[in-house]
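Note that the chains take the letters A, B and C in the order they are written out, and that residue 1 is the start of every chain.
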Amino acid sequence: MSVKTSYINISTKGHGDIIDISKSVGIEVQKSNLTSGIVCIFVSGSTAALTTVEYEPGLVKDIKSLFDRIAPENIPYHHEETWHDGNGHSHARATLLGPSLTIPFDKATLLLGTWQQIILVDFDNRTRDRTIVVQIIGE
Amino acid sequence: MSVKTSYINISTKGHGDIIDISKSVGIEVQKSNLTSGIVCIFVSGSTAALTTVEYEPGLVKDIKSLFDRIAPENIPYHHEETWHDGNGHSHARATLLGPSLTIPFDKATLLLGTWQQIILVDFDNRTRDRTIVVQIIGE
Amino acid sequence: MSVKTSYINISTKGHGDIIDISKSVGIEVQKSNLTSGIVCIFVSGSTAALTTVEYEPGLVKDIKSLFDRIAPENIPYHHEETWHDGNGHSHARATLLGPSLTIPFDKATLLLGTWQQIILVDFDNRTRDRTIVVQIIGE
């Protein structure tokens, strides 16, 4: 059993940008030389989040619409009184979806479904350079 | 320290079917012969999700209603343009709730609350046979 | 590699009380004498949840408002027919946000963003004494 720490760096467009990171995470698992275990993926930051989706252009739009309904951009946020940076909705969405995702792997392969991809959703209201921690624990 | 991989197979009715898998997960923990660690539960697929709830008939209905409000079935989804399978809402709901749940155990027992059960929620719009990965890491 | 189990006890005001537990979790990581791994934080109970946020007074209000919109207190819940304790909304919110959060650490430090704090959100409709499990796995 051992722990392998690595990082994925991604530039995003913000504004709900949804990026498929499945291949990058899979490469880190293979580089770890571990065959069975879990990978804990974590986005450091409070305006982005991680989950899975069937990554196809229709759902990419639908997920954006989902969050537009749940936490609209154009309603008042108290966060605005603190920072005046117009991204109260970005924080609310990221807090709801969550920064962490843990996925099992076996035979050095992530146990995702055929139509299931790992995504970073960047809710911030500007372009961002993101660091995703990939912490792999296994044997 | 070691890793034990097992699988739980479940047939669901889809349409927001909520199934208590606590007992099945607890049995896998006991079969692992590990006494302390974490169990990473993961549903392979993009229209189902995992969380916890007080599993009683009232809340089972309330959780379905919650998702009917958040991501209604009868609004337009762009996913429909890709696949024409009528389950855009299923994907949106599963992506929001998430496919992964990590629960600690000690003395070979899951550290759940008394009124807290682990549930699979199948949001797809048809019956499904689901595979849930149970990855146990501990000593 | 080893596992260290510890607990954080917190008294909350309920009603969406949001408490920053980052420092407490960080102390447990340092006490574990492990340098690299993951910490699985889990709230035992079905009316509270864990996530991260930029912990500042504006967002604390905004997160409460978010859940007031998603799962209002004053709509009918079937849970009420079972228990008559008026906290159907508390369960719905906790189930949506989730009881579990897994965070990587390295050099004995949680890999959180600068403006990212770990929070317990207590959705129950009364004061509560909460136990949070902190399961640390690493080397």
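Miscellaneous remarks
Everything that follows uses one rule, which is that contacts are C-beta pairs under 8 Å (C-beta built on N, C-alpha and C of every residue); 3 or more make two chains touch, one makes a residue touch a chain.
Only a predicted model underlies this, so the values are computations on that prediction, with no experimental measurement involved.
When chain A is fitted to chain C on its Cα atoms, the angle of the rotation, on a 0 to 180 scale and to the nearest 5, is 120 degrees. Where chain B touches chain C, the two copies mostly use different residue numbers: shared numbers make up under half of all numbers in play. Put simply, the C-alpha centre of chain B and that of chain C have 19 angstrom between them. The multi-chain contact residues of chain B, meaning those touching 2 or more other chains, are 1, 70, 96, 98, 102, 137.
Contact residues on chain B toward chain C in their complex (touch as defined above): 1, 36-38, 51-54, 56-59, 61-63, 66, 69-70, 96-98, 101-104, 106, 111-113, 115-116, 137-139. Residues of chain A that touch chain C in their complex: 1-3, 5, 40, 42, 44-46, 70-71, 77-83, 88, 91-92, 95-96, 98-100, 102, 133, 135, 137.
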